[in-house]
Amino acid sequence: MADPRFFEVAGPFSLAEIAAMAPAEPGPGADPDARMTDVKPLDAAGPQDVSFLDNRRYIDQFAASRAGACLVHPDFAGQAPEGMAVLLTAEPYRAYARVARAFYPQPAAASGVHAAAHVHETARVAGDSRIEVGAVVGASAEIGSRCLVSANAVIGAGVVLGEDCVIGPGALLAYCLIGKRVVIHAGARIGQDGFGFAPGADGHLKVPQIGRVIIEDDVEIGANTTIDRGAGPDTVIGAGTKIDNLVQIGHNVRLGRGCIVVSQAGVSGSTHVGNGVLMAGQAGLVGHLRIGDGARIGAQCGVMRDVERGETVIGSPAVPVRQFWRQVAALTRLVGNGRGK
Amino acid sequence: MADPRFFEVAGPFSLAEIAAMAPAEPGPGADPDARMTDVKPLDAAGPQDVSFLDNRRYIDQFAASRAGACLVHPDFAGQAPEGMAVLLTAEPYRAYARVARAFYPQPAAASGVHAAAHVHETARVAGDSRIEVGAVVGASAEIGSRCLVSANAVIGAGVVLGEDCVIGPGALLAYCLIGKRVVIHAGARIGQDGFGFAPGADGHLKVPQIGRVIIEDDVEIGANTTIDRGAGPDTVIGAGTKIDNLVQIGHNVRLGRGCIVVSQAGVSGSTHVGNGVLMAGQAGLVGHLRIGDGARIGAQCGVMRDVERGETVIGSPAVPVRQFWRQVAALTRLVGNGRGK
Amino acid sequence: MADPRFFEVAGPFSLAEIAAMAPAEPGPGADPDARMTDVKPLDAAGPQDVSFLDNRRYIDQFAASRAGACLVHPDFAGQAPEGMAVLLTAEPYRAYARVARAFYPQPAAASGVHAAAHVHETARVAGDSRIEVGAVVGASAEIGSRCLVSANAVIGAGVVLGEDCVIGPGALLAYCLIGKRVVIHAGARIGQDGFGFAPGADGHLKVPQIGRVIIEDDVEIGANTTIDRGAGPDTVIGAGTKIDNLVQIGHNVRLGRGCIVVSQAGVSGSTHVGNGVLMAGQAGLVGHLRIGDGARIGAQCGVMRDVERGETVIGSPAVPVRQFWRQVAALTRLVGNGRGK
């Protein structure tokens, strides 16, 4: 069970209920009335726990698991150990997400403005939102229903939050408009000046940054990530896009809908990224590029040119993934593998 | 117009006034008395807006723009659309910076120490400075005239700020001396212990870090950037240097004057960087190097050796830029481009 | 002397005392009763200062130094200038660490909970700990003896801190259990949700993150570093491991004991790292890897496969270090060095 100091488990749920919420097809012999009390990783699960197999790297753990039930792709179900009820689905990780959310629903925090929060007299805060201790809400800001503004977060003047947003401890939101169901983790910095200087030998002139940050619905932004506001155009994060920790998004960048941006990646100013793009960890994009829908940018990739719709690139400078691995192979042939002959 | 929730526009200004402040030469037929009400990007500007063209990537937008006036290099002025007044300058981006600052001057914040700020009784704060809610100013710290210390920022004991500094929300300044007109964005961490450990199998011994951070005049430091104080020598950021978000500056580093350090770059301990050096995004320098004046370090570059004055390097490990592109071409010849024959 | 605004120097100590604490062997002619008043770098030290030589890069500074005494390896002692007392040791940097800690002991902060700190009524704070202004300690949290929770830090509900911990300004600790003598610098974010989404064309489903972060004794964590809590398993940082600034540690990661992780490195989810592993700056590890004890991961290295015990790798993708330098040499032969013939 998850540490009760931090998490409260719901349930139990019957196997039939779990199969319905996943959704998944119970395998032969599964008892629909068996009661499951928790979700656990394969190597920690016991007879009353639901687990999942999503990565063939863990197939040995699957075969040895004591889990009472397991969400699994039909291709692997044959390797289930004796006594495990398999729950068959083509998308075991998505199914697990739904089941885990049933066992661990987001607890509702008590609403209200803490006596040691600081809400400007001209700000509007929905009565069912929660503003924690030390949080600051600036002049004319608007906080929608059921929002949580955590301790010591700062919401700048004029900022608008839609319904059901969660703003982490110590985060900053300035010069931005935030949609619904947006999650912004601790220490993220949204809306400060973009890095706009007109360079020169007698001093780099600062260029006023007069755009905003627009964050659409269902976006999640990681801890200590930074998103600069636009220089004139806005910086835009499309609906459903998920951004990890320590990511940098420069001014005037547009990220499309449903993108995934992994930790420590960076997007330079004025680059436009399509919908459903994956950027892996520590990838970097120079400025003023166009990245097509569904493109995949590999880890540590250095993108210096436009990327076409659906293209997969990796390397620094970025090349098509097939070319990259051929280059790696060619280099290895040239010099050997460093372990002697 | 920039969103009036966040920005207040000054003006209008006549074309003659704008040409004078830029400075720029009005092209033939420009009406010196035409009144301009705002600055806007090429694709958003209308007949009363001033725009600029600084990157030939946007020349099509320029040719199609409805901007009433545009700051542009003489080489491109011939492609201006009918009805646009061109304002000719060899440095259109610097000219735009000056014009935009006239339309969007930095608003002066009201001075005073917020009732819920915490200024130590031995600290000295100039009467015309502003200390916002939740900000902390430690013992014996000194805050110069017309400074802004934003909400929840922490100024450590003994820290000195010169005149006209802006410290962003939640930033930390410790063990440092700050010049005039320095801007430090939200969440930047200045002056914590350098990463000094004497490693050993029976435990890594922490080495006291007894230097400071010295930040000279007119420096700007991005959001969530970290600058460690010196181990014994100081860490120094030279006058006019501009540092972007999420940059790491190690202990004992010296950056010269007028450098530009782009997001997610890192400089390891005891490396000395000359004046006017450009470090692009995600570049990394190992420790104890010497980088000459005017050097240019490419994006994602991994610098493991000294770089000469004026040299341009890229790649990991860093090589001269010409060599880098030859290597890229040679690899491509070896293996093809991954798109078939 | 270190700036007295920030540091207080102890001592003086006699050369005999210094040799004993290092420990080191005084060279011929060293006066055991000579009194030393400070530690300083080679180029700043005078006749009453102790310095050290640990990097042959600085041997010219050593030969020209005016330091009264110097911790040095016997191999280099012969190059000491006239009048310098050499203190011979096989580990001059570790010896310096001990001596410097005698001159600059960590000052003890006054204990107590600041009137403008916010400690939940159900939290337990040891009477000899210090909770600074604006800090928040959540429900049921436990703070051990002699801890310092700095200004505006946030300690979440249920978090446990062992004895002698230092939590920097504005840091966040949530869903975590912290050992003894742990140092967490300003703005570090420990325990937020891991980046767990089950991706899909109709929206990426958030997966509940129900593990914790376990930080063992004697760990140090840098400024603005982020460590996500586990998805189900815990994220674990082993005893004595030192992590620099702006590092990302993903969910379910296990770092062994005595590792060193340099700035801007990143470890993706579910990767397990052995004991005594060195990760240099900006290195990145993909998820689900196994890294053996004592492995060394070079700067900017991109690790996409398991690394064996004691192996040294570098490059992106990572290769054994010998192979890497052969590749670099082969590329240079292919194309020249970019400086002409």
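Think of it as A, B and C in the order they're written, each chain with its own count starting at 1.
The definition used in the following text is that contacts are C-beta pairs under 8 Å (C-beta built on N, C-alpha and C of every residue); 3 or more make two chains touch, one makes a residue touch a chain.
Predicted model, so just to flag it, every value in this text is computed and none were measured.
Visitor: Between the chains shown, work out who touches whom and classify the graph as line, ring, star, complete or other.
Guide: Its topology is that of a complete graph.
Visitor: Given that chain B and chain C are copies of one sequence and touch, is their interface built from the same residue numbers on both sides (over half shared) or different ones?
Guide: The interface of chain B with chain C is built from mostly unshared positions.
Visitor: What's the rotation angle, in degrees and to the nearest 5, for a C-alpha fit of chain A onto chain C?
Guide: 120
Visitor: If you average the CA atoms of chain B and of chain C, how far apart do the two points sit, in angstrom?
Guide: 28
Visitor: Quick check on chain B: which residues sit in contact with 2+ other chains?
Guide: 116, 134, 152, 170, 187, 224, 246, 264, 282, 300, 316, 331
Visitor: Going by the contact rule at the top, pick out the chain C residues touching chain A in the complex.
Guide: Its residues touching chain A are 116, 118, 134, 136, 140, 152, 154, 156-158, 170, 172, 174-175, 187, 189, 192-193, 195, 197-201, 203-208, 210-212, 224, 226, 228, 232-233, 246, 248, 250, 264, 266, 268, 282, 284, 286, 288, 300, 302, 304, 316-317, 319-324, 326-327, 329-331.
Visitor: Which of the residues in chain A end up touching chain C in this complex?
Guide: Chain A residues touching chain C: 2-3, 5-7, 39-41, 44, 55, 57, 91, 93-94, 96-98, 100-101, 103-104, 116, 132-134, 150-152, 168-170, 183, 185-187, 218, 220, 222-224, 240, 242, 244-246, 258, 260, 262-264, 276, 281-282, 299-300, 315-316, 328, 331-332, 334-339.
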